[in-house]
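Here come two complexes built around chain A, the first alongside chain B, the second alongside chain C.
So, the complex of A and B:
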């Protein structure tokens, strides 16, 4: 049996291949690959300031990725983290905006509750469709992402529109300073505390409860747990709802902390990066923490690329896509060989 | 009688699947225009041998000659061109095809464009000439299993086949269906076809074949020897081999189907069972139709404490639905299910399990185990489900308990963290037994618990069921192996089209049970 960290190390080898491939492509496109890697390293990890930046991006990603891990372990490919992240952020903004003037001790918990519920609800309906009528959750959650994205455009230019806004993107009024849990684009003890608590809770849930064992069995062979008497719909819905709730929590944190407002089209790849993290981490909570820091670093470095390497910031998206390609390429042959192995032993 | 070169001749054939040696240096030849049997236990290499002869499996070493001419090994095209056709163990006809379409599919020649009527005309005569009474318009999936097999054989004969290989053709047939099949094979033999039958019942070998060849552990043990020169006792020893002397004679015979009418020791009918409350009672149970098999129709059945009730029947007559109904996995239309005196009709499986129901499901690798999960997770699933989902667990202790339990069940494994898929079939079944047969079990549903297991593992499962029975468990044993049922059941019921068509007590008579399986004589 290989430990989860060894598996992550193996996955990181594929990440490395993805990076090298991108380096080659950029080199051919006329950029300096060496300069690119250098600026990624500097922007992500080579100074205290860089670390702070990396963690600012890593922590919300960690929350969403943890939710993805829980959902995937149950065997459901809930790829709607992005939409659930948006819905959490939207619900939170409605509450914090609507309750402006009330004491923070009331407003902040209610905002978080709303954000968590918003994300959870956005995962609940694809979950219900899945367990009640077998609707493919990949389709529904993917469509849910688009709906949530468009809803975000609507609320930021409609009900929650900041009338004084002059920026390119429509956005809500900034969250009042007394309700913020962190300054603009920075870390705060509150966010770190939330992530540590969620991390410990998720680790216990996955590794130290009946739910953890049964959901992992159900994820690998749902038929077997049904014959054991498990209610698959319950395990599955729990996975969906927890995944949505954590993405919603991440959305709330962005609104209440680093970003400080809701804006149209904010962090459009957050949920997908979280899925990538979960896959690289091989659905282990502990590994998710480390992998999140790595991808947080990439996100932070994205801001440096235009300055140092003259690359567009979107280069980070290309890098992420290349990594996604290699990670799935790694995952598939293994699954296929497993399939053939079970076929043969059945024959 | 034998003239000319052998119809099939294998020289030094060895086949390996990864680390597993399926055939080891097998050299054997079969004379033309005879019916030959190849026998052996599960896993002896019979099917692999058939597949090598048909060109489906590529041996690592060895040669194959058909009618005296060497053909390249591992090429289906070459084998078919040389006149070899294989009828598979599990049928390979597309269920949505009509009979005529299936025939055309088998024939290599065809213009490519034709009307349905043309096809039907073309194949009606072929079917008639083989004595298969079926309309070429019917769809494969609507045919009874015996007709499907007849169509499959007819499809194998659309080309000018000189050698017909049938892999376990009797497994899906009732006793009278087997007689019909054998009669049909004799007609084909008279027409000059060489027939190679893969079988595992000695009784059948002696009644149809002219020669018999025994494989064991991938090696050729003996043969082909004329069946006239051997007997059941000798063949049983050759098939089972040494090392299993501890088996009782009755188990030995049941394992290979050695006797025509097995003499049974007087099993004491579970008398206590009839006085006390039965552990399982089905009262007029009917289920709604679904896609997984025929619905149950008005099934009434009781299993007493310390009683083994066998369920016989041609596969696909509702046995699976019966198990699913007891496990709350089928939709009941009418009737009641009573466990230990409590009506559990409306209770979920997890509650039924809490009151002592255990299920050894049909499909070990999908319903019984999660092959890509560690052993300890598979093993602890049942007990974890008795508690709440958020109950804290101690994985180290579960792994230790699992280790202990699997050791007492004689599972060969290295660590409870290894994946269930890394175990052999027999060991995997023992993991399921370790999980399902515990001190608090009151009713064990054992669905085909020995299918695909070797002799040693089969005997182990029987012993486990008998021990559970001695502790007072009721056992419902579903099996398509009549010898197995007759050997260990106190009572046998027969299922036909979702109903119970007969109930028998020892001494069992094959003919009577067979008649109930097909609905003959009623």
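So, the complex of A and C:
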């Protein structure tokens, strides 16, 4: 048993170790690490405009990360958030594109429903394979990510192609302004409201319901859950589907809100970042909200760096990757702990 | 026909080298999702090394050194810090993709790709249509055989397999699973560097950002598909290469009727079906992760 303060402290230490590794890489590549971190902080948090951008990126990440938290807590390693995010976005775009002309009061709810179902279905099949046949969910969800990525390329250059599009990346027609729930790259009250609702709902689900108790038990000791008489497979499937549904919701929000259209290869690191957020937050919903803001800030800085600071955006990918490398660490090297222990006993 | 074989060998060889690296790690009990990152580090350093120093040997040497270093880092994080191998591996992949992008931008500015003045040595016109194949393609069967002997016919291979399947048993006869994993990962690092070099220098002589395009993950799928057997995994890697080559050919033959992207999806679908069937046959695969590792209670 580890106290919450120790958990926070340890997450911070491993994030710090990741950042030090990044600093070393930046210096080796010939950039000033200090300048790099300073510019990232400027792009993420050091102005009102930066905060607004950070929150814009943090909100969808928070939704997907909440889904990852729920499915990880059930004890299933669903790393397919990216694919589920894409499938949600694709399903939403099909509906909003097909129903153009109908009143927004009808179209918007249907679009959200389609997005949520799209994400959930893309999580359902790996879940079913897992609980029915024992097929490892790491591989199926990973393959699912690639399949969804290819499907995205296919629909944006085929069925949903914008005929007037001339950009490098194929994309769908922009969503009509009356159906949008947020203007381009800005914060919208509707999206904030959805995130707050989902956050509260997920917190209650995880901390105050029998599902939450059983699922976190299932994550720790599946045999015990079976002995308690709970259906492990049903619990796991629910975790998969909820995770997929939230990722799909995030995809819908990106299409209907800040981005406003579906484009091939959009936000390719969204799912990975969401998994990272869930792990840094140690699978707690409350912590996920705070950690999302940090990673949302990094995402905002990724857009700020090349334009305003003249530094490569790859720096953000490196920071995310370095944090991923260390964040699941659960021990210190023995020699190091021995060193501290001998010091303490000497004193 | 000859052209088809050449095309398959060219696209299959980088995959085979990386797959063999994945086999070694899998045997040692590590799910290696850092293959993609190691591969692109190998591809990038081969091209940058040649452009900057003018020597192919130096380029390959830097690639191998960096890949071994990165593998050792992955080992340290997994074994010494007890991190989750899957997340740490994905982190390594991210570091490789981001790091090579950063390196190219640091040296060449915002340039999309780097051309090398020359590539790996080729067989030459004396071999007809096969003359365009590089030495690494020719060496590939030997490497596959060597890894097969190492894994299936040597004492070291048996110890390695024991470390993956039953670390406690390995430990009880005086084999350190941790150390065996270090050896397996570092050897895999060398193979990934070679696979990456073949990708960037074998036929194209160019490095472009993200040019591995998921091949590392495809190699991982081949490892699982081939049940971590060097020969089986090599066959799986070639199966993927053939499907890709077919996809390109079908596009030429049928044009728009068969969407190219959906054909590219075939290897992934094949992997899912393969894992599903093998899981059913074995009666339930064992889970990769235990969840106590991910969260402290």
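One rule holds in what follows: the second predicted complex is superposed on the first by the 317 of 347 C-alpha atoms of A that agree within 3 Å, B and C clash if a C-alpha of one lies under 4 Å from a C-alpha of the other, contacts with A are read in each partner's own complex, and residues count from 1 in each chain.
FYI, contacts are C-beta pairs under 8 Å (C-beta built on N, C-alpha and C of every residue); 3 or more make two chains touch, one makes a residue touch a chain.
Note that the structure is predicted; figures quoted are calculated from it, not measured.
Peer 1: Answer with first, second, both or neither: which of chain B and chain C does A:286 touch in the superposed model?
Peer 2: neither
Peer 1: Should A:146 be classified as contacting the first partner (chain B), the second (chain C), both, or neither?
Peer 2: second
Peer 1: Which holds for A:328: it touches chain B only (first), chain C only (second), both, or neither?
Peer 2: second
Peer 1: Touching A:238, do we find chain B (first), chain C (second), both, or neither?
Peer 2: First partner only, chain B.
Peer 1: Which of the two partners, first being chain B and second being chain C, lies in contact with A:208: first, second, both, or neither?
Peer 2: A:208 sits against chain B, while chain C stays out of touch.
Peer 1: Regarding the shared-chain residue A:220, is it in contact with chain B (first), chain C (second), both, or neither?
Peer 2: both
Peer 1: Counting touched residues of chain A, say whether chain B or chain C comes out ahead.
Peer 2: C
Peer 1: Should A:230 be classified as contacting the first partner (chain B), the second (chain C), both, or neither?
Peer 2: After superposition on chain A, A:230 lies in contact with chain B alone.
Peer 1: Which parts of chain A are in contact with chain B and also with chain C?
Peer 2: 1, 216, 220-221.
Peer 1: Which residues of chain A touch chain C in the complex?
Peer 2: 1-2, 7, 25-26, 29-31, 72-73, 75, 77, 79, 129, 133-136, 138-140, 142-144, 146-147, 150-151, 153-154, 157-158, 216, 219-221, 269, 272, 275, 279, 282-283, 306, 312, 314-315, 317-318, 320-334
Peer 1: Residues of chain B touching chain A in their complex?
Peer 2: Touch residues, chain B against chain A: 17, 327, 329, 348-350, 352-353, 359, 361, 363, 365-374, 377-378, 380-382, 384-385, 387-395, 415, 417-418, 421, 425.
Peer 1: Can you check the complex and tell me which residues of chain A touch chain B?
Peer 2: 1, 204-205, 207-214, 216-217, 220-221, 223-231, 234-235, 238, 338, 341-342, 344-346
Peer 1: Considering only the defined contacts, which chain C positions touch chain A in the complex?
Peer 2: 31, 33, 73-74, 77, 80-84, 86-88, 90-95, 97-99, 101-103, 105-107, 110, 214, 217, 220-221, 224, 259, 261-262, 264-265, 268-269, 271-272, 275-276, 279-280, 283-285, 287-289, 291-297
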